[in-house]
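In structure tokens below, several structures.
Same chain, two partners: subunit A is paired with subunit B first, then with subunit C.
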Partner chain A sequence: MNATITLPKMDFEPGETISGTASWQTTQEVRTAEVRLFWQTRGKGSCDVGVVAVQTLDLPGQADQRPFSFVAPHAPPGFSGRLISLVWGIELVLQPEGSVSRDIVIAPGRKEISLEHPEWLEMEDPSPTKRRMAQ
Partner chain B sequence: MKARDNPFRSERLERLAYRKPGFSWENLEARLAAAGGRGAIVGPEGHGKTTLLFEWRGRSVAAGRSAAWVRLSRGQRRLHDAQKSELVHAEAVFADSAEQLGWGGWKEFVALTRSARCVVVTTHRPGRFAPVHICRTSPGLLQELVNELHGSANDCLSLWQRHRGNLRNALRDLYDIAAGGEDLEV
Partner chain C sequence: MLLDCAGMGPTIQRGTITGARSGLAGRFVGTLFFGIFFLAGLLFLFLIGREVLRTVETYSWPKVPAVILSSRVVEEPDEESPYSVGVQYCYTWNGTKQVSDRFQRSRQRFSDYSRAAAAVAAIPAGRETECFVNPHTPEAVLRHGELWIGLFALIPLVFVLIGAGGVYACWAPGKGGKAAPVSDGNKGGGSARWFGLLFVAVGLAVLVFWYLPNTLQGLASFSWVEKPCTVESSRVVEVDSDDGTTYRVDILYRYEFQETQHRSNRYSSFQGSSSGRAAKQAVVSRYRPGSQAVCFVDPSAPQNAVLVRGLGWEAAIGLLPLAFIAVGMGVFLSGRSKKGSAATLLAAAPEDLMDAGSRLLKPRVTPLTRFIGMVFIAAFWNGIVSVFLFHMADEWQRGHQPWFLTLFLVPFVLVGAAFLFGAVYSLLSLANPKPVVILTPGVLTPACAFEVAWSLRGSAGRLQNLVVFLEGREEATYRRGTDTSTDRHVFARFVIATVENPLEIAQGSARRSLPPDIPPGFAADNNKLVWSLRVHGKIAFWPDLGEEFEVQVAAAQGR
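What follows is the complex of A and B.
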């Protein structure tokens, strides 16, 4: 199987549209084809996976190219520490041939949150009074 | 080092295939058939029993059999109701850590799996079903896995000895060493 996921960029703001193209060439007939937006944890413990959106590609050919589009969810944001990382990804699944995936970043500022250098902890959270005044 | 870049992260460990010098699926399945379709994979903790059992289940599913997977947790003397219903109609049953079941729980397990074509369990010691495979590790095996995961050729003898052959714990140690950014001299 020769399959690729093409994306114009690899890092996204929550709420931003993720558009790309899935293309493939297979040796046998493709029964089903779908593109998934998912997250997974990687690290010392067991892996958790969450598939948040699936796009089914109708009538897939053996050699084909299809556009796909998702809206980047607001949570969970991509992050990384020494013990655990949460990584977002796009996966192309072709039955019965197999799958390919690409890692992407979905996080505020398009930057994976670092648990080792947690600048986000230092960001000032406005007090309820300031928040009300700002509204 | 970030967890997602750690060469010893669990996601990569789970992809390691079971291996032992002289091991073959044909011999293993022949031994199970000779034991009447009931057998035990025996070995201490961290010696590859669960890895082998999980791969065996995968082979059964690929062969088109309905396969049930049951994992007994520490101190679980009896099967849960959900586990019982999983077992009843399965053609192949794979039970991890069967030694946890008490005598009554084991009798119940045997009764529930009576109609299954094959039942394989893992245990730390012989005594339930007939052993069809003994899992053993060696410093050379640990070395091979480390080479595969990290590409390094360090001598793993002391690490293997420190963990008494428990490869799971040895590889967790290596995860921590890599996470701390230390040189992987083991």
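What follows is the complex of A and C.
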């Protein structure tokens, strides 16, 4: 199977429209086809995934090309920290063939929020116990 | 810095799908492996289920009067469980007098003579009682039998679940061949929760049905009556199990109590088998057939007696059920689904979360809840450990030297002491002043100003200072084997107020604004960005005031 998701750009403001095209060519009949807008976490914790919107593509053919469109949600924005990163994605799911996805950025200023800001740590933890645990 | 999602989730693929496909041979090997698991489990499940059903069936049989003709303990010395109830009774069915020798539908065997003797004592010859007659065949039983054997079905059930799950995984779409959609996520948490519950159930069953009764009997045996006894037979019994051969002591002795002769083969309160034949052989050598010894008899149930009273070191092994329960609870709690999934929670636009008014903040954990929790944990842990401490102290007082038990208990005692310290610390914290905090607006927004107003209820004069700050941290929960851990990293700590004036400590307020590029709060099952408002006060020679309040930070408006 060959499948692609084509997007005019990869980074979006919350509230902005995400439009693109999904195209595929498969060796067997496609029972269902849908495009999903989702986020997933990466990093030290076990992965969490949230599907925010789904567009079902009616009467999919074995070789087909369909437009899709979503509105980028306001939350959660893409971010990257020391333990956790949150990444948005668009995924084309063809049953029974499989799926393909692309990472995108949804965040204010079209830029992933970084949690690495030393200036945000204005003080030490005043609790000795919590300070020890953090070390 | 971006870290990889260590083996937890599928990797996003770009362009053409090239998901790894396991070959057909691999699937067949996997199917064979898990199929054996499944079939073996199913076989044992069937055998246990059949026994339970046979027992359940007797409950529907009509009850008829019966008279016991004879009863005795039957011995078959070559068996692992050599004792059973031998009984003859007569009853009348359809006008015909019948004689039966069936005690239960399935023959019940005992490794403990006193249990067989107790069953026999309840049906002496000549007693008028009732039996249950199968209306379809000439078959009768005196007792229904025990249904708790059905609990053992949990063990083969695990095999069946693992086997069925494994076979499914070999052939399921997206597992054996096709790449699974990334957005389907990791759906393995459900089975982990069930395994956690199974651990808890097994631990509780062992604790309640085996460990606690034996422990209580062992402790009660200190007040039992000492009597001379004569050893009738002594041997080391080999017990074959899945884990190999284990051994137990089987010494049958007779004794007199209140002019009645009894027999018992109970050596101590914990009668299980374990590895190491030599130690058991040494015990058996001390009790040769025909020799005289001393036993301890339960005056309220004289058929119960032991040769060694109290709790042996084997009793310490019984703490393992606690570990089962703890691990099971950990797995279950870490895998349980949370209210309001992240997808639902976070689909809301910031304006939906905005609350123009003020909000009285609630503490994440109240001092009273913390104290009750610590007391419960300390009482539960130390209550069980204290049983062994008393026994150990008693052993030392008697001049024995239970070094193994003493060393074994050291870590358990240290953990118990830490729990006690925590309970005392949280008790002292209850006397601290209670902060009441009002946040305006109720939901914070990046780049927007906010105000925090506080007042302390109680003896605020004891505080040397007060620091109010907003803290943002990442919380990542992950599993490693059966352990579940949560790592935390504080990425922001914004000072709102630092006051040392007693009047300002007791009541005050402060304003500030947040940077424009901070992230909003985020809460998924395993990953969180938590914002909290913390109030910390230094108190001399006393636990500090430390309260944490949950704060909502909404997403920034688009620029």
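The working rule: the second predicted complex is superposed on the first by the 116 of 135 C-alpha atoms of A that agree within 3 Å, B and C clash if a C-alpha of one lies under 4 Å from a C-alpha of the other, contacts with A are read in each partner's own complex, and residues count from 1 in each chain.
Keep this in mind: a contact is a pair of C-beta atoms (placed from the backbone, for glycine too) under 8 Å apart; a residue touches a chain by one contact, two chains touch by 3 or more.
Bear in mind the structure is a predicted one, so any value in this text is a computation, not a measurement.
Q: Once the two structures are overlaid on subunit A, check if subunit B and subunit C clash or fit side by side.
A: clash
Q: Contacts for A:P76 in the overlay, against subunit B (first) and subunit C (second): which applies, first, second, both or neither?
A: second
Q: Given the superposition on chain A, which partner contacts more residues in subunit A: subunit B or subunit C?
A: Looking at subunit B versus subunit C, the one contacting more residues of subunit A is C.
Q: Does the superposition put A:M1 against subunit B (first), subunit C (second), both, or neither?
A: second
Q: Figure out whether A:D48 sits in contact with subunit B (first) or subunit C (second), or with both, or with neither.
A: A:D48: touches subunit C, not subunit B.
Q: Quick check for you: in the superposed arrangement, does A:S85 touch first (subunit B), second (subunit C), both or neither?
A: Both: A:S85 reaches subunit B and subunit C.
Q: For the superposed three-chain model, which listed region of subunit C (117-125, 153-161, 297-305 or 405-413) is the one that clashes with subunit B?
A: 153-161
Q: Just which bits of subunit A does subunit B share with subunit C as contact spots?
A: 40, 42-47, 80-85, 87, 116
Q: Would you mind writing out the residues of subunit B in touch with subunit A in their complex?
A: 1-4, 6, 9-11, 14, 172, 175-176, 179-180
Q: Give every residue of subunit A touching subunit B within the complex, in rising order.
A: 40, 42-47, 80-85, 87, 114, 116
Q: Going by the contact rule set out above, which residues of subunit A touch subunit C in the complex?
A: Those in contact with subunit C are residues 1-4, 13-16, 36, 38, 40-52, 73-77, 79-87, 89, 91, 93, 95-103, 108-109, 113, 115-117, 120-127, 133-134.
Q: Can you name the residues of subunit C that touch subunit A in the complex?
A: 1-6, 8-9, 12-17, 19, 173-174, 178-186, 341-343, 346-350, 467, 469, 472, 474-479, 487-495, 515, 517-520, 522, 524-527, 529, 536, 538, 544, 546, 554-559
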